[in-house]
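Consider the two complexes below, in which subunit A is the common component and subunit B and subunit C are the respective partners.
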Partner chain A sequence: MPVQFAVSDNKQEVRVTISGRFDFEMHDQFGPVLESVQKFGNARYIIDLGAVQDIDSSAIGMLLLLRDMAGGNQARVELIRCRPEIKDELSMANLDKMFTIA
Partner chain B sequence: MTAQQQNHPVVLHILIASGDRSSRAILTAIIQSMGITPVLAEHGAQALECFREAIPDLVLMDAVMPIMDGYEATRQLKQACGNAFVPVVIITARGDDAALRIAIDAGADDFIATPYSVEVIKARVQALLRIRDMHEVLRHHQQQQQRELHLAEHLFTNILARNTQQIPGVSSWQCAATQFSGDIFLARQGPGGIQQFLLADFTGHGLAAAIGALPVADLFVAMSEKGFSIGDIAVEINRKLLRILPRDMYCAACLLEFDEKRTSVSVWNGGMPIAYVLDQSGAIRHRFAASHPPLGVLDADRFDRAIDILTLHEEETLMLCSDGIIRTQDAHGKKLGQTGLETLLSQHTTAGQAFAALREITLSSLAGRAPDDDLSIIELRVGVFTPATTGLPVSKEHSQPTGSFDVVVTLDATTLRLCNPVPQLLNLLSEFQGAPSHRGRVFTLLSELFANALDHGLLDLDSGIKQRKDGFAEYYREKMLRLAALTTGWIRIVLEHRNDNGQCLIIKITDSGAGFDHNTVSSSLEGNTLYSGRGIALLRSLCESVQYHGNGNHVEAVYRYE
Partner chain C sequence: MRAISTVYIIPGIAGITATFWAAPLWVIITAWVVTLAGAAWSQHHSANKITPVQDTDTLPEPPQNTLLKEHRNKLITLLSGGLGTVHEQNNQVLGLVQEAVNGLQTGFKDIMAQSETQKEVVLELLQSEGTTSANSKCSTNNISNFIHETEHVLKFFIDMIAETSKESMRLVYKLDEMWKQNSRIAGLLQDVKTIADQTNLLALNAAFEAARAGDYGRGFAVVAGEVRTLSAKSLSFSNEIRTVVSATITGISEARTIINDIASKDLKVMTNSRRRVNEMTVAIQGLQKSSAEQLATVSHISEDIQHRVSEVVMSMQFADMVAQIGASATQRLQSMTALVQIIGSLTTDTNLTEPQLATLRQTIHDAEQFAVAHAHRSVMQHSLSQGEVDLF
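So, the complex of A and B:
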């Protein structure tokens, strides 16, 4: 599955692992992640992009939506294992400051 | 029973073509037992005639017939069908694979070998009629969607085309991933001759992306024509997009503003790729990288309207593109990338070459494929796109006779920090006075007088800074710093419109500043044509009179509408 997510036992941490091409086509599969945000509210969200080859603006839009639903400026959304290309993409759009990027 | 029969009882029309009288009779009996009266043909040519008279819903066709056999009749019938789906069942005594192949190759949709049972014929006919119904529903939806798309495309193209001015020295190339582009490029000359551009790229592509383009285009054009700065425009577009777009959609945008003499450019870049300034040898002199997130992301409290400003030279060129250009993959999956783009720019030294080369390399990467994303390349040749003449043309026009009115506005320090009153005042004047060809001149007058009061009266800025290399940018930065720190002072603007002896506008501006010795300053600037001295000389050329009073912090200008 290109989008998988796991919730920690104490429900404080949601870990989402995405693989392949992260673009508009992933919209449907990203749906359950957004539903989980509604359920767990201000948990910490760790988005593992290590297996993502490519990211486009629709995908960044989904991450922004997740951030918004998880509390906007108070949200804790971390993008981890980002490849340099993905970091470039985020910084080109000047959206790198919206997330914690590792 | 088909869906069609259930919903709208229609008479089904089945054609039976057979050279054999008894098999025609048997097939007729079977079809009649289904409640349908068939049309009969005795050979292929006759079947085609029947087909032309009334297109059947289904055809049962004997393979062997006199004059024209079933295969040939099927071939011709299928050709004549066009988009419509008329199922043809071939009936043959040969039950082998080769016979099946011939039937299917001729275009038949099904194949029944004799001897057949009544139930087989009924079942096949029912199944094919069901497929035919689905086909019809699909075709109907498709046609409707096509019509709607055409209409949307028509509206979209017209709205955007109306908002695009053709300007010499400005080249643009755009290529959409689908029928609709989520990339938009708009150019508009504001009052007073400032030139503004917008290159925007919505999330995704296609109709969903394009829909957002319409309100953006509307706002940009309306505000640009009223004389709002790109900072103001960015704030408003952001506000509007936040309200109307779903939260996972946003709009990367680069707004540019050239002053009326084309000596400087202001840039607000939100999430677009780097906008390059190339010098006369084609080398990269400056990069305007995105300094803000795209529009429609940050709420109004966090939105930053700050712009970057750069002094320009006449021979320079600006190059902009959407991220589709940087991300376009060639046949080997290799992208151009930022480095590739800069290498390409550095290889071309003559104006216009880099633009053409970038377009060529993108087209050759695509090799005839449709792009995955919307593509845009924009080139602006600073010295070529026509600067507005200072003596803005005033055409003869019919303006409504007006009476007299006064507008009095006093702005305190807080208000001055937050907004520029000139566009609003200009609109107010236009509402009452309604002579559009004077807009540019009145805008210039108001802007200059207001800027003088603010810059020199309240902020105590030295125009001399502008004479230095890159002075304009430095002046602007200093102005923004001092404005942000402004806590005291005020500016009062009085506009008196009179219609006694022809229409005239008296503009009186007073500021709370220390003032200046207007006798020496204004006369020394009289003959000054340099950029910084433009102010007073320009005012005098536009007005019947310009007079400073008091200790220089009160100015009165008289403008005649003639």
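So, the complex of A and C:
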């Protein structure tokens, strides 16, 4: 599965692992992640982008939507293990000011 | 000053005669004046000199040598002519120096003015470098503003794309929900069809049973027929609703496709543009820094030029000193001319009267004092570095 997610036992942390091309086609699988936000509220979200080769604006839209639903400026969303080019792309799209990018 | 008790003309003339053929004019003049002025002094220190003669005594009898007289007159003529030439040349030198100095001063004043203008221009450039005024003269500043604006616009667009994508995705998830609801409606319509079919069958059975009951069942047959009609109508409605719902589902799918196009933008063009603009900003900043540094250097050079030129203008005071020395030389030349004339007026074959001697002594005394005073002044004025002008 290109999108997998796991919730910690105390329901405080949601870990999402994405692989392949992160674009519009991924939105079906990303839907359950957004549903989980409604379920777990202000948990900490760790999005592992280590296996993502490419992203487009709809991926950025999905990440921003997740952030909005998780509390906007109060949301705790981390994008981890980004490839240098992905990290650069996210920075150029000003996402480095909204997410913790590593 | 020492008082001169006796005047000796003969040793003076003898000295001139001795050196005349061997030395240039200036040396002769100098030697003669020195001999004349120092005659009285030297008699006190030299045992070989002629014994001093009292004021009341008559002068020694001049030699009745016409040849000597002739020579003396020639020498006096030469001396007078030479002194006149020197006087003239002295004035020429003073004139030339004054003219040259005037020219130099005008030139240096111009340099000062130009340098000041240059400095002002540079300062203006330096100031405009720091401001963001639209009518700035500095081109790098305009480019910098342009780059800044471009960066701003790109950031705005990128933010807008991200925001649009976010809202598009929100819409897509809503459409997905609507699609699910519509699918459920389609499922429910299937149930309605089943019910309609069953009702139809039931009505058919009722009609059959009514027919079997004969006349008693005639009224019931009418009811069964109505039920059957209702069933057909409900099926028809159900089909219509199904058509609408399936059109809605198709519409939702189409909307999803459109939103997909809106949401899915390749960010690379935008992000690459922004990266290039960022690089240009850095380059422009470097350019601005180096141009500011260069302007500062030019400004320092202008200041240095002004400083040096003012030093040079100060050095121009030498013209005043030259004028003063020249004036002093003129005075001495005039004095020397007067002395030569006195020598010319002295006759060697007659004794001088007491008033004549007194006048002569006074003249020599004045000449001596004049010589000493001028020697003092020339010592005071030998250097420009003191930056002082001893005004006469």
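Quick note on the criterion: the second predicted complex is superposed on the first by the 102 of 102 C-alpha atoms of A that agree within 3 Å, B and C clash if a C-alpha of one lies under 4 Å from a C-alpha of the other, contacts with A are read in each partner's own complex, and residues count from 1 in each chain.
Here, contacts are C-beta pairs under 8 Å (C-beta built on N, C-alpha and C of every residue); 3 or more make two chains touch, one makes a residue touch a chain.
Every value quoted in this text rests on a predicted model; they were computed, and no experiment measured them.
Overlaying the two complexes via subunit A brings subunit B and subunit C into a clash.
In the superposition on chain A, A:Val14 contacts neither subunit B nor subunit C. Of the two partner chains, both subunit B and subunit C are touched by A:Leu95.
Contacts of A:Gly31 after superposition on the shared chain: subunit C is touched, whereas subunit B is not.
After overlaying the two complexes on the shared chain, residue contacts for A:Ile46 are found with neither subunit B nor subunit C.
Of the two partner chains placed around the shared chain by superposition, neither subunit B nor subunit C is touched by A:Val3.
Using the contact criterion defined above for the overlaid structures, shared-chain residue A:Asn73 touches subunit B, although it does not reach subunit C.
Of the residues of subunit A, those at positions 24, 56-58, 60-62, 64-65, 68, 88, 92-95 touch subunit B in one of the two structures and subunit C in the other.
Considering their complex, residues 24, 56-58, 60-62, 64-65, 68-69, 72-73, 88, 92-95, 97-98 of subunit A touch subunit B. Every residue of subunit C that touches subunit A in the complex is listed here, in rising order: 155, 158-159, 161-170, 172-173, 176, 260, 263-268, 270-271, 274-275.
The residues of subunit A lying in touch with subunit C in their complex are 23-24, 27-28, 31, 34, 55-58, 60-62, 64-65, 68, 88-89, 92-95. Across the interface of their complex, subunit A is touched by residues 201, 203-204, 246-250, 252, 270-271, 273, 289-294, 297, 299, 302, 323, 327, 338, 373 of subunit B.
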